[in-house]
Structure formats: C-alpha cells, structure tokens
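Just so it is clear, A, B and C label the chains in written order, and each chain counts residues from 1 on its own.
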Amino acid sequence: MDDIILEVKHISKYFGTFAANKNIDLKVKKGTVHSIIGENGAGKSTLMNMISGIYQPSQGEIYVKGEKVVFRNPNDATKRGIGMVHQEFMLFPELTILENLMMGFETTKSGRFLDKKKAAADIEEITKKYNFSIPLNQKAEELPVSLLQQVEIVKVLYKGAELIILDEPTAVLTPQGIEGLFAAIRNLTKLGKTIIMITHKLKEVMEISDYITVLKDGEVTGNLLPQETNEEEMASLMVGRKVLFNTTKQEKQIGGPILEVKKLTVADSDGVDRVKNVSLTVKKGEIVGIAGVAGSGQSELVEAIFGLRRPKSGDIYYKNELITNKTPREKRQVKIGYVPQDRLATGCCVNGSLMENCIMGYHVAHKFSNPRLINKKEARDFTEDVEKQFQVKIQDISDAMGTMSGGNIQKAIVGREFMQDNNLLIIEDPTRGIDVGAIEFIWQKIIDISEQGCSILLVSHELGEIMELSDRILIMYNGEITGNLLNTADLDEKTVGLYMLGGKKDEA
Amino acid sequence: MKLKLKLSTKLEIMKYTVSVVLIIIIGSLIILSQGDSPLEAGKALLEGSVGSLSALGTTIRWTTPSIITGIAALIAFKSGIWNCGIEGQMYFGAFAAAIVGSAFTLPKMIHLPLTLIVAGLAGMAFAFIPAILKLTLNVNELICTLMLNYAANLFTEYLTFKYMGFDASELADAIATPDMHPTARLSTIIPRTSASTAIFIAIIIAIVIFLLYKYTVLGYELKMVGENLRFSKYGGVNYKKVFILIFLISGFIAGLCGGTEMSGSFGKFRPAFATNLGWDGVMIASIAKNNPIAVIFISIFWGMLKSGSFHMERMTNTNRLVITLLQAVFVLLVAVDYESLYKRFCEKRQLKKLRAQKEVG
Amino acid sequence: MLRYLFSASTWAATLRLSAPLGLAAMGSVFGHKARIFNIGLESYVLTSAFFATWGSYLFENAFIGLLFGMAAGIVMSGIFGIFVLHLKADPIVVGIAMNLSSWGLTSLLLLNIFHIRGSIMDPRIKSFSTIHIPFLDHIPIINDIFNNQNILVYMTIVVVILSHIIMYKTPFGLRIRGVGINESAMEAAGVSVIKYKWASLIITGVLVGAGGAFLPLSGISMFTENMSAGKGFLAVTAARIGNGDPLKAFFACFIFAFADALSVGLQNFSIPSQLVLMTPYVITIVVMCFTNLSELRKESV
C-alpha cells in the first residue's frame, strides 16, 4: 500500500467573480509521477500555486501526509517539503547560481554573515546524489535554459522538498532535453521523491506518468492511469471535444526570393553576439519556419530584420533592395509586417482602444487621406474589417484592448498585420498561451495568406507549429542556422530536435 | 462593458471628491494650528480670488502662467517623458523676452510677437540640452532637467549682471534688466491689475494641444509613445524624432510662459523672479492626468488659490505658505491609484463572502 | 591658482562636503538596489535639516538634533512608502509632491517656531565638534586632510564601509538585491517583497535624515530655506551612477563634493559667483554623461 503524501479536498479559488478552481479533489502517492493535464486556462497553475503556498484557497483544505495544513506563504509549503519549479523561472539573472540558490534560504556564519562555502558544499552534495551538474559561480544570465531548469530543481531539493511540482517543464526544452529531464525525474522518484508534473503535451504524459488527473475549466474531469487510457480519451476530457488541428492546405506557387539575409551578425544589449553570420532566403508565397530552443538568437534575428535592433554586420535585401539599416517605419512603408512574440509588451497598447491599436502601423504604411490628420472614418472602417474578418470579440471598438482575452488580443494583432496587404510577414510565436479555437483559426489564416502570395518568416518555440505550417524549416542553434530542411511528410520531430540541440549540422 | 466604463468614471469622480474633502480637512487643521478659523480663512480666500474686480484680475493673472506651464509639462508627461525643467526653460524665455523687449524699438505688430517667439525659442534651446543628452548618451532626463533648473536660475542671474554691467558683488535682488518698451507689452484686460491678454494666449495653447491629440497623426503618435514605447517603435513611430519634438514643444511653451510673464506683468527680468511657477505647471499636469482641457480648469483653481492666499495673508494670521503646502499635498492625494485599490478591495470582499457562506453552510 | 585648487585644504574640504552627500547616497543606494526610484530624497534632506536644527535648538545638543533629523527622515520614508507601496501612486509624482511640500512645510515651520523667514541662526543651535586624532599628527598630507574633521565625517566613512558589508556579505543585503532584480522570484522564495522594500525605505530615511542633519550641524549652526539645494537629487544620481554599489556611489559623491570644494576655492579668483555656484550641477551632468559613455562603449564592443 502506497502512502498518500498530498491530499487536496474540495478546493476552490476565485479571482474576483471568476472561478479558476472549482471543488477540486486530488490524491498524490509518494514516489510517483502524477501528471495534471489540461488546456491553457484550465486552472492547473492556480491549483499548484495553492499547493505551493503562493495563493491561498478561497475554500477547501490541503493535507500533507494526512495532516491538515494552511499555507500562508511559500515558506510554509517549503517547510512541509513542497517545492515548485515554475514555468517562468524564478531566478535572478544578475546574481550567481550560488546566490540564486541561497536566496531566502541563506546559510550564515556567526549568525549574521552569508556562509557561501558551506552552502556550496551542501549544494554539491545534492547535485552529486541526484546526478546534476551546474556551475555555481557563474551568473544565471550566462547559462542556457536547460541548465537553468536543473538549477531550479536543485533549488527545491536544497530546500528539502519531498514533493516537487514541475509547471510545464518541457515547454522550453528540445526533444533530447526532454529525455534528459525525464531521466532525472525517474532518478528522483527512485530515490523516494514525488513529482507532480503539469503539462498539456499528451505524448509526454503517457511516457512518464504513474497517475493522471485531467482538469477542464477549473474542474476535475477525469482521474486516469496511463496504461488504461489513450491520447484521444485524454484530449476529449481536456476540451470536451476531439482536438484535431484541421488546417487545409492547397497547392501554391512559390516565386522568386523576397527576403534575403546575408551574413547577418546581431548582438544583444550586453554586446554578446546572439546571431552569428546568418544567411537565409524567403521566397514569394513561402512559409519558412525557424525552429530552435528558446534563446538561440531567434528574437534578435527577427528584431534585426524588422529594424528594431541594429545588426553589427551583414546585409538584408528585400525585393533586391538593401534595407539593412532602415527603421521599422520605412520597413512598414514597403509592406513588411511583424507579429511580435510578446503581445502585451510589444504587440499592443493595453490601455488604448481597439481602434488605436489597429491603426498603429497602418498610419505609416497606408496613410490617411490627409497624412497629418487621423481620418476617423477610415480608421473605423479598417478596425471593423479586422474585427469582423478575424472574429475579434469586443463590444465596441473604442473599448480598451486590455479588456479582451489573450486569444482575442492575439487575433486583433494578427488581423492588423494581415489586413495591410503586406508582402512579407514576420511572425513570432503566434499562438503562445491562447485557447485551442484561436490557435486553429490563426493557423488557417497563416496558410491562407501565404496562398495569396504573402511570404512568411515564422519563428516558434512550439516545434509542432513549425512542422504543421512551414514549407521549409530552418533550425537555429546558438545563433547559427544549422539546418535547412524541406518540410516533407517523412520529416520527423526527432530529426529536427537533433539539429536544435546542435547534435547535427549541415555544412553551409 | 458599459458597466466597466461607468466604473472607471465613477472611480475618477470618487477620487477627486475624496481628495478635495481630505484637503479641506487637512487645510482646516493646519489653519486651526495657526490660530485661525478655517471659515474666516476660506472666506478671505474667496474674497481675494473672486470678491472684487481687482481680485478677479489677480486670479486671471495667476491662472495664465499655470495654464501655460501646465500644458508644457503635460506634453512631456503624456508621452512618459519627465521634463521637470519647465522652471529653467521659463527663466531662459523670460530673460530673452526682457532683452528683446527692451533693446529694440519696433512697431507693436512686430515687436510683441517677436518678443514672445524669441522667448519660446530660448526655452526651446535650453530644453534641447537634456533631449540631446538623453538620445546620445542616455542621460536620465528627469535628473538632468532638475540639475539644469538650478543652473538656469544661476545662469540667467549671471547674464543679467553681465548685461547690466554690474559685478557679482551687488545684491541679486536689486538687479534687473531695463524696462521693456510698451510695444513689447501685452495689454491689460482689467484696469489696475496685471490680468493681461496673455490669458487668451494660454487658452488658445491649451485648445491647440487638445486638438493636436484628438485629430492629428502626430498627436496619436505622441500619445502612443507614452502609453507603450515598445509598441510605438514597432508600429513605425520614429521615437528619436518624437522625443526631440516633445522636448522642443514643451520647452517652447515653457519659454513662451517666461515671455508672457515679462510682457504681461513683470515688464523686466529680475533674477529668480518666479519661485516655483514651473513647478506649479508640473503639479497641475500631474493632477490633470493628461487632459489639456482639465489643465485650464485646475489652473483657474490654482489662480484663485494664489490670488486668494495674498488676501488671506493680509486678513488673517495664516501665511500663504499654507496654500503652497496644501497644493503639494493635493497632488499627493490625487496620485493614489484608486482603480487598483478598488480591485483589491473587491477581491477581499469576495473572499470574505465565501468564507461567511461556508461557515453558514 | 591650480596649486591652491589641489592643495590639501581643498581635499579636506572635499572630504567634509562629501560627508552629507555620502550619507544620503548610502540611503539612496539601498532604495536603488530594491528598485525604488525615490526622487523625493530632496525633501528628506530639507525636512531633516530643519528638524535637526530644531532638535539641536530645543535641547542645545547636536546629538539630539541628529536624532530629530533621522526621525524626520523615517517619517518622510513612511509617507513615501504608504503612497507608493500601498496606495500604488506613481513614485515620481509622489517624490515631486513631497519635494514641493517640504519646501512649504519647512518655511512655514520656520515662521511658526522661530518667527522668521529666510534663515535662523541662534547660539542655542549646537553643532558637532571636530575630532583631533593625535597619531595622525606626524603624517604630513594625510593629517591635513583627515585630521580635525567633524565627527560626522568619520561616521560617514564607517557608514559607507558598513553599507558595503551589509549589501554584499549578509542575507539581508542579498535579499534587498533580490527584491530589486525579480520580485515574483522573491515571493516564490518565500520572502516578503513589501517587507524588504519597507526595510530599505527605513534605512533610506535614517541615512538621508542623518545626511540632512549634517547640513546645519556641521559647524555653521544655521538653517536656511531651501538649504538642501539639490543634495537629495545628487544622492539619487550618485546611487544611479554607482548602480547601487555603496563604494562606487560614494566615489561619485566624492567627485560632486570636489566640484563643490572647487567652487568655494574659485570664489577667491574673481570668477563670477553665479558661474562658480553652477559648477556642482554642471559637473553632475558631465559625470552622468561620462559614466554612460563608458557603458555605451562596452555595448558596442
């Protein structure tokens, strides 16, 4: 008989009037991997935040090893042996890994001063036991994502966690990185630790879990065992219908080159080269996907192409014209559009109205009948077009952008860029964190617009998205393009993953 | 959705009501501590601001620079740029106006506009320093303009000495530029007061800026830069151009205020002539929360307080410093973010309700 | 002239003038590391200068004056903290409003308590005395610079060193730095962000209050309206230039103080007084330009 290490009874959490969790029951057995699956917004993270003491439940109780507990803050949970690895890493980039691990859990000597030596020795003992390897004296900002994740796991172990919650741990990893993580998880459970893993990737769930709990709209819709279920059943419990990303593709004509990047080198704001000597071509009507582990230089590359970042060297040609140092304004004027990765920070203005958001860019690329004045009728017509064709759900176009859901905001941004008859669109993570319906909708729009002759440079951290949409796939690793593959039916994720990890490289 | 819109308006109204009530309470307490009756002081304030024609004139006289500096500050703040150098830019404008107004004799049709425009240009030139330092060397414009205020005050004093051929051993208070010619002066609208036609210039500036934001592409870009800088850059707004432009417009208007102060009331430049007029503008702009029309109304209130405070000081024991203090405290009260407080309050109430329900159930 | 400017007496004056700035800058450093942009420090300096004068006047004791000054600093931090941390007001607006209120408040109090406008000078206001360190007598230049300084000068040096130790060698300093870098990570680590922000604000209040108290109590024994004259802004700037590092920030203060000391010296050379008085402000801007220049260079390399 297994011990129940954690039990959650009738737990609910409300934000304002919105119920993020409704009456949830959960039992987790010691030494197992328990997966919590559900769509974005199903309430997985909220539940975990309550178990780890970040939120307090509105109703319900939590029991650890049969004992009722109330967590007022994460410290209380830590004391009970619960540690969480957040999806967004909770790290301090400017501090060393050692300082990161000590934060909030400092070892001191003579009661007052930091004892870094002892802390380092304690940590090394843990890393040896669980087979991790992390450099303690390097700054966090200097390390790759996969190592930072190890740092996070070591951090919770260092704080004495028995139960480790991993929130979407595989989102930032390559297929090979995921295998490494799973090996570590198996090692941890073998040594008696318990893992709760939150994810929405069904394949991984089947591979690693001992138990599965499905959440939908804040409620438990199923408790399953991996050997008795399949992906279809889980999917239908997650969304209440079968998820099939049905995009339809037609034969299309691919023309001559529209965008040519030649030997581009781009540095980030710290002066470190993030893009090294990259060359690529996008042809008319072609969708070129760029795959790669997060932080491989994709963002810097597209920012340089769009003009938000000045390249150090190299040339960018657009329709055979040199545009390397042109500003975003000039690039918009020659019909280049851009859907940025961070929709709230870069893609829109949350306090501005939908109309103010829609005419941004339009006002330089298309110009109103009098270029100095805002023609309210033109602005309104364009906004209404975006609203209708991209199914943006908003009461009135003068309502603030921030009142809409993430999916609707993204549809509005995509709509704004797609409706301006651009010849080249640079699209970065178009479906990050939005609901399934909106994903399907945006994917279809991307395919449609390329069939109408628009060229697309698509950057995504979801390999599935790249595989689904692209005609050709480029792989970026450590600032370089290491692979250039035609997306044919026999191309599989494993191959691409090998490139993403730098394990395979085409010669230029 | 309609409800939410109403809610934000409601919160705005609540915010100003609460602030006004609080400031009246705080003000009464301070006046009591000075050994006066708040009612008496209030009466004196009203009498001194609208009680007579000359009081009205003084109110108008002080409303004018409040509007102009308020707009100068608003243009910068609305785009998220902290030009706190209104004071210094105004000094340069005033000095330039005093020189142009006294050194030449020209027909009024040319002399007056020339004086005012030169004043604006002088303010603009001084505002160019922090703007260019920020763009080329990324020097924080807030600290830079604060430092430049001190420098401007001292430098115009130095220029006045130099211009008048005195050396620095003389008392600064005694020194001033020559009287400006009548051709460079604005006409008075209420006899025997310093209420001048400058008030019309002030109102016109406020309206022009209002229209700029409402109808023009430039105004749209200025606004969006303030709301979300990254978004505007990405949308094709030329930030460097817009940034310089904002500083130049803001500096021009601040300098112009120096000009109207010279042409409208002072008639000659005296070092350190306008303690805190520029800061009045900063306060008004932060109360007006980015609305040029609100600037006009708050400035009228400001003008009333200022003109009333002189009368109050004469009639009671209360020093007019009390009013200066209360104005600053009012800014503090209005700065409170009621919307986020309200949201937090709602969440707590929700939680309590649930707990109560559970205990009953 | 140059010999005069770089003489030991100029350096001694620099050290003396750097003390109030240095104290205030150490206060600002803690705020800077906890990512609190506090332009209201100017009001701290002015208010605590006034209260220090008053305290010293009431008890005819400089130490009580210093305590009054620190208490005033803490109260100012309290106001700033309530508005910024709890009522979510814009820190810059709060800072500006506090600066303007402190100007009105101190002038009003001067009028109410001392029945005077402009400035107060009274034999009852006691300053801190200078300290003679005998063993320095025999070291030529060092003696001229470091010996016979005001006790607050020595205190400042101790405070700078302590600030450095607290910032980099203690859990408290580590957490203050953490709060400034990533607030949500701090919450996840179980550290209350608001608690540490308050702690840093209180330290700011105490140290800037001490810096403000230094102004009237370092020998001149008088308070003048607006006597802070931008010292609070300089403290903020010094902390920014040093990026929150106490030693670097103090070095910046030393440069500002040198400009100040020079300006005192320059007045003897028939350079117009206004231009002389301008130097500290202009130097501050120039220093900001240079530090940024070196940073921009780093980026382009």
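A few comments on the model shown:
The rule is simple: contacts are C-beta pairs under 8 Å (C-beta built on N, C-alpha and C of every residue); 3 or more make two chains touch, one makes a residue touch a chain.
The shown structure was predicted, so the numbers you read here are calculated from the model rather than taken from an experiment.
In terms of which chains touch, the assembly is arranged so that all chains touch all other chains. Ranking A-B and B-C by contacting C-beta pairs places B-C first.
Averaged C-alpha coordinates put the centre of chain A at 46 Å from the centre of chain B.
The distance from the centre of chain B to the centre of chain C, each centre being the mean of the chain's C-alpha atoms, comes to 29 Å. Contact with two or more other chains is made by no residue of chain B. The touching residues of chain A, counted against chain B in their complex, run 12, 14-17, 58-59, 306, 308, 327-329, 331-333, 338, 340, 345-352, 356, 359-361, 363-365, 368, 371-374, 395-396, 399, 403. Across the interface of their complex, chain B is touched by residues 39, 83, 87-90, 92-94, 96-98, 100-101, 103-105, 107-108, 111-112, 229-230, 233, 236-237, 240, 272-275, 277-278, 281-282, 284-285, 288-289, 292-293, 295-296 of chain C. Interface residues of chain B, counted against chain A in their complex, comprise 1-2, 4-5, 215-218, 220-221, 223-224, 227-228, 230-238, 343, 346-347, 350-351, 354, 358.
Residue ranges on chain B touching chain C, taken from their complex, read 34, 82, 84, 133, 137-140, 142-144, 146-148, 150-151, 154-155, 157-158, 161-162, 167-168, 276, 279, 282-283, 286, 319, 321-322, 324-325, 327-329, 331-332, 335-337, 340-341. In the complex of the two chains, the chain A residues touching chain C come out as 53-54, 73-75, 78, 84, 86, 88-95, 99, 102-106, 108, 112-114, 267, 269-271.
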